[in-house]
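Two complexes come next, and they have one chain in common, chain A, joined by chain B in the first and chain C in the second.
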Partner chain A sequence: MAAPVQRWSCVGKRWVLAYIDGGSRHGRGAAIGFTSRRKRGQSSVAQQPLVTAQKSRKGEHEWAAVVGLEIHAQISSNSKLFSGSQVHFAAPPNSLVSFFDASLPGTLPVLNRRCVEAAVMTGLALNCRINKKSLFDRKHYFYADLPAGYQITQQRLPIAVNGSLAYSVCVGKKPSQVSTKTVRIKQIQLEQDSGKSLHDEPRSQTLIDLNRAGVGLLEVVLEPDMSCGEEAASAVRELQLILQALGTSQANMAEGQLRVDANISVHHPGEPLGVRTEVKNLNSARFLAKAIDFEIERQIHELENGRKILNETRSFDYKLGCTMPMRDKEGKQDYRFMPEPNLPPLLLHDTASLPPGADPQQVINIDWIRERLPELPSETREKLIQQYGMLPEHSFALLNEVGLLEFFQNVIKETRAEPKKVTSWVLNIFLGFLKQQNLTVNESPVTPSALAELLNLLDRKAISSSAAKQVFEELWRSKGKTPSQIVSEKKLELMQDQEALERVCHTVMEGHPQVGVGGRRKAMHFSAC
Partner chain B sequence: MRARAVRLGLRSWVGWRRGLTSKADPQRSGSVTAEVIEHLERLALVDFGSQEAVARLEKTIAFADRLRAVDTDGVEPMESVLEDRCLYLRSDNVVEGNCAEVLLQNAHRVVEEYFVAPPGNISLPKQDEQEPFSHN
Partner chain C sequence: STALKQGHITPTELCQKCLSLIKKTKFLNAYITVPEEVALKQAEESEKRYKKGHSLGDLDGIPVAVKDSFSTSGIETTCASNMLKGYVPPYNATVVQKLLDKGAVLMGKTNLDEFAMGSGSTDGVFGPVKNPWSYSKQYRGKRKQKAHGENEDSNWLITGGSSGGSAAAVAAFTCFVALGSDTGGSTRNPAAHCGVVGFKPSYGLVSHHGLIPLVNSMDVPGILTRCANDAAIVLGMLAGHDPRDSTTIQDPVKPFTLPTLADVNKLCIGIPKEYLAPELSSEVRSFWSKAANLFESEGAKVIEVSLPHTSYSIICYHVLCTSEVASNMARFDGLEYGHRCDINVSTEAMYAATRREVFNDVVRGRI
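And then the complex of A and B:
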């Protein structure tokens, strides 16, 4: 594996070999151009990077990694994409399966309106062009959890194309050094999910549960504009937040509602792109960046040692922390795409092209959906920054935790304290306690009202900030007590009487005559706080 | 109308066939190479187990090839015979499911309400591992 002395690290877009003895870094000013990714069954034109190619010098160690993503998000709907069986996470095996899902002969697909609306909403939120006419195709492959032997998808003409997704990454050591990056969205398409396979190796069999077969998926294809695991993870996180804000998908990776496949390759800046590998089944937010970075390092090492990269499919082993080739995906897959003969083209309208006298249930109006798009995370963050003078990184942190924004807003409503104070308390102290005890915001023993009251006391200078922290700890531990009660119980009130304060100071100073003038001044200052 | 329907159904065949002839360049047009047979068998899980089967395949392709005699210049390809129909949109209600027992009756083997399948994908034995049959 990796040689112990050297580590590849991602500095912006360039992978640089850093020697532990703090030696030289090979700097290159080469910019990395964009290239469209080669998709299965299609050929795409590779554009050479827009840079005068510099001959790679001997001992040149700089590598550029290129990461593209295919993200599958389960659509949040009551029933499946082409049948009326229920969509639900945990249910007895094969209980949410209709005859069509089981691919019994004589059954036909019937498109779910809600899934189309979800696709249009997502496309609009991601700045895509919505195709007024889109087509359904069959993608053939054999696997036990795909009863029909094909998946209905949208390969030729998907419902939305050419969008963009903005996300932020840390560019320096400090959390405040964030910059916004954009990744282009190649397309968004509707497709069916497959069933679930439970491999029973000892008995040499696979158990199949078709509850998930036929559930609607949105496949979001991100162009290879990302260059390391952190960027990919940030983009996925932002997409997750957008989908949740729209309500089109709950995008919970732990429940399999959001699955990511990554296409990864490395090359020297200025040279053509390298052979890519596909890493499938990245289903955990935690391991997404790790898996991608591991694969990048693996490819660099293989190439550095004179070997070639195979265009293969790999999966990530969470326990070992490495990618391994997948047994069943040897060789190039031929999916034999054909038009889905049982579904006519999907036609969408806008206000201008609505057919008169049409059944509203049978017609989808893009403009109508656009007008009713909910507020996106980027808008919410912008509002927080404008309204409360918040720093951008704080707005990100508030949106990153489920329920935290609502908590913050409830505290703001009930307190007179400055928003900056509230932000600091919510993000540092409140969130700190939550993380320490691994709780969600909903499970917090401290209510927004309680925190608001505490901040009011602090604002009125009734207590010191250190006392406030003590009160908070007590609030967390014991339920039912209000901050005021705790303050009087523990006698944490600040002395307000000026004369009494002076007497205390004099007593202290007389007790310590050796302390100099500076010390006395400090003592006076301390008791006046 | 019927010609359109025939053209649609065999359109994917024709496209594939075009690819075939370019691959089978050195051979005389009309014969299907062993590599193509193996590829097809793997994809479609069909067993072209005999020379007759391959001959039948070649005849089928030749039959479909006659479509090339039709002049399609300036004619917009069809999506499907249904392309003028309206795609019906169903409301998002749960109306099916809850019939595990009925579905599992179809299964050869069942374990606790799960269908049972062989592990992973069983790949076909390679060409040289099969019973050899002569093919020119």
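And then the complex of A and C:
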């Protein structure tokens, strides 16, 4: 419909319609925009005469969006959840399939200990209550990449419940304006991954690769406490960092080790929640926020136009930048959940409840795992802030890039320069170069030692900061040379000798008599810095 | 086994005798697959062991039969269904492996109701199994009295089911031990019909890995033999924890032998009163009383006991059975193994057509 350009912006939890081209506010807005929008059936806002429409505009159009997430993380383990076949990325198709994975009749599931430990570790890191007794269930649906016709999951009584995940979002324009939010975790459950379907449209066939079938997954269910794409993306990012710190999952979205489904609905504040849609298989951190925001906008748009939201499943089309209904998932699915009869209840122990004389291979002690939990990202960041007086946003940035923290710490070890200087160099210059050339920290031509040496030169004022940047560029380009070598090659040393300096200044001034007193001072300053 | 150990007969001779008997009793339709070459080879190996004095035990060289719902590596396993016709598993069920490890000679895979659903062994795609007692003098005598010029072929007795083939194989002397399965009586029922011993172990005692499941939470492998002692020996070999089956008990199973029961004074036998159902035939009731009286007269204590939930059991069984069956049958889609129909339109169409083609009415009914 013809309407002035509008954009929904996420301010806290409320969606407020803000007109962008202010010019038309007094012109077209009232006549075209509002009267047609009155058609939404479910609104509690009474019809307003045109004259007063403009005044109450902001209040009427307040929408609140509610976003919940279901995140599937592939457990980092040698073998699958219920069978002994190996877990590898990009192996030849159907080369990692055991009899059980292929659903040969008569085969039975046997639980993988490492996967259970991974689930307990993750539950503890996310402040969950670990259920000492959890159960396995079958979730039935027919699909070519699900050989058994059912997935083994934990629907009734999962391994961990009632946790929380803290993440930060920018609340203002400046990067320093961050605030911490929390999202509740409903549960964490163990379940099997399905195989992969490759649709071969030209030959009207689908190719099935069962390498992934049966790989252990941790499903982390986040309650609908988030309100926009950015919050969801931040929460996912923090979860990724936690999983990677624990070692329970590599959580690499590009390799499919972390997949996100979002449940999205909108409503007017104060009114009950709206109908939700599910947007499935968001596999890219970049598009996660985009997809969610698009869906929120779409729902608001539909409701504004008097249409209803269908409780359906949608997918995100990256090329078109929009969500589309998924063809095979129309209508409500009855999964016919049933207890998995081949797996007895999973019993975990703590130190107090360990049965005497128990075989250590057959029992899992929650307390033992808790004592050995690695340092979590939030703790690491806090330490950086305490130890180096670092700004919070810098601690986030250091942890956000794979290997960057280690690089930073290695530089710190070998340099006398102030930590703030190191932080600045690593985050601005070093990271800047990496990003420009699309390299990872591991691929960097500059080693921590080299940067440390450079910073030492800078620290003793052997070179100026602009010279240091030149040296850095040279270090990046040519491998094998040390900063000192480059400095002497390019004669970038600062002159330390006072008398020699004065002689140079005099020479310069004599050559340029028009430069006055102020200029002299400036010139002297220039060469001394 | 004593005869084998003492050399009165060799395993190969025994195997050949059983094989020829199988051929002679083909009309019973007890066997679906008889891998003659494999059996003879196993017998040969057994013979070598006996010659060296290294027999593997009581089961070495003994002909056994296995119900066609157990996976046997390299030997077709069909579950009497078109779905698995031509399906050759790549692994042995745990109980099959245990028998083979003890030197047993596999005579063949026995007939059953399709996917073990049924209690007559009449509903498999290979046709019904006939009870060997149909050809006994007594029964023939009865038939002659009743029938006038009726086709002899159509007048036969069922074996009961679903492990009818196994029971018939044992009763016909074509093997000494047969494996059946028992969910709701599928070993005990045909054992009773064919006059052999049918033993159902407690769930969790014997591994069901490799047994193509009907109801995972109730299925157990069953043992059919001609006498109770043989069943005890076989149970001793099969029982115990299996790391491939998470439902088997962890505690180690102590080997045991059946006591010679000369003195029944210390036995206390319970007669469940709820089993005296109105539907019970008078013939069965009288034999039941006879057995109870026999024990009592020999000094055992025979008392009435109550199993109060008996009347609910069949209803619970039906609910659990049909749910698990629908679940266990979900894997049969023709994609990874087994029969697949030619429909190419869509995955759903292929699944639906394949499953309609291969499942019989009983199976589809339960799903």
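The criterion applied here is as follows: the second predicted complex is superposed on the first by the 471 of 529 C-alpha atoms of A that agree within 3 Å, B and C clash if a C-alpha of one lies under 4 Å from a C-alpha of the other, contacts with A are read in each partner's own complex, and residues count from 1 in each chain.
In this section, a residue touches a chain if its C-beta (ideal position, glycine included) is under 8 Å from a C-beta of that chain, and two chains touch if they have at least 3 such contacts.
Quick caveat: nothing in here was measured; it's all calculated off a predicted structure.
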Partner chain(s) touched by A:H199 [first = chain B, second = chain C, both, neither]: first
First (chain B), second (chain C), both or neither touched by A:V402: neither
First, second, both or neither for A:R336, with chain B first and chain C second: both
Touching partner for A:A144 - first (chain B), second (chain C), both, neither: both
First, second, both or neither for A:L439, with chain B first and chain C second: neither
Which partner reaches more residues of chain A (counting touched residues only), chain B or chain C: B
A:A166 touches, of chain B and chain C: first, second, both or neither? neither
Touching partner for A:V116 - first (chain B), second (chain C), both, neither: first
Partner chain(s) touched by A:S95 [first = chain B, second = chain C, both, neither]: first
Touched partner set for A:T107, first chain B, second chain C, both or neither: second
Common interface positions of chain A, toward chain B and toward chain C: 99, 102, 104, 110-111, 140, 142-144, 204, 206, 208, 336, 338, 341-344, 362
Residues on chain A engaged by chain C in the complex (per definition of touch): 99, 102-111, 138, 140, 142-144, 147-150, 204, 206, 208, 336, 338, 341-344, 362
Chain B partner contacts - residues on chain A that touch it in the complex: 77-79, 83-86, 92-100, 102, 104, 110-116, 135, 140, 142-144, 197-201, 204-210, 327-328, 334, 336, 338-347, 361-362, 364
Chain A-facing residues of chain C, complex: 70-71, 79, 84, 89-91, 93, 208-213, 215-217, 243-247, 250, 323-324, 326-327, 329-333, 335-337, 344, 347-348, 351
Sites on chain B touched by chain A in the complex: 12, 39, 43, 45, 79-100, 103-104, 106, 111-121
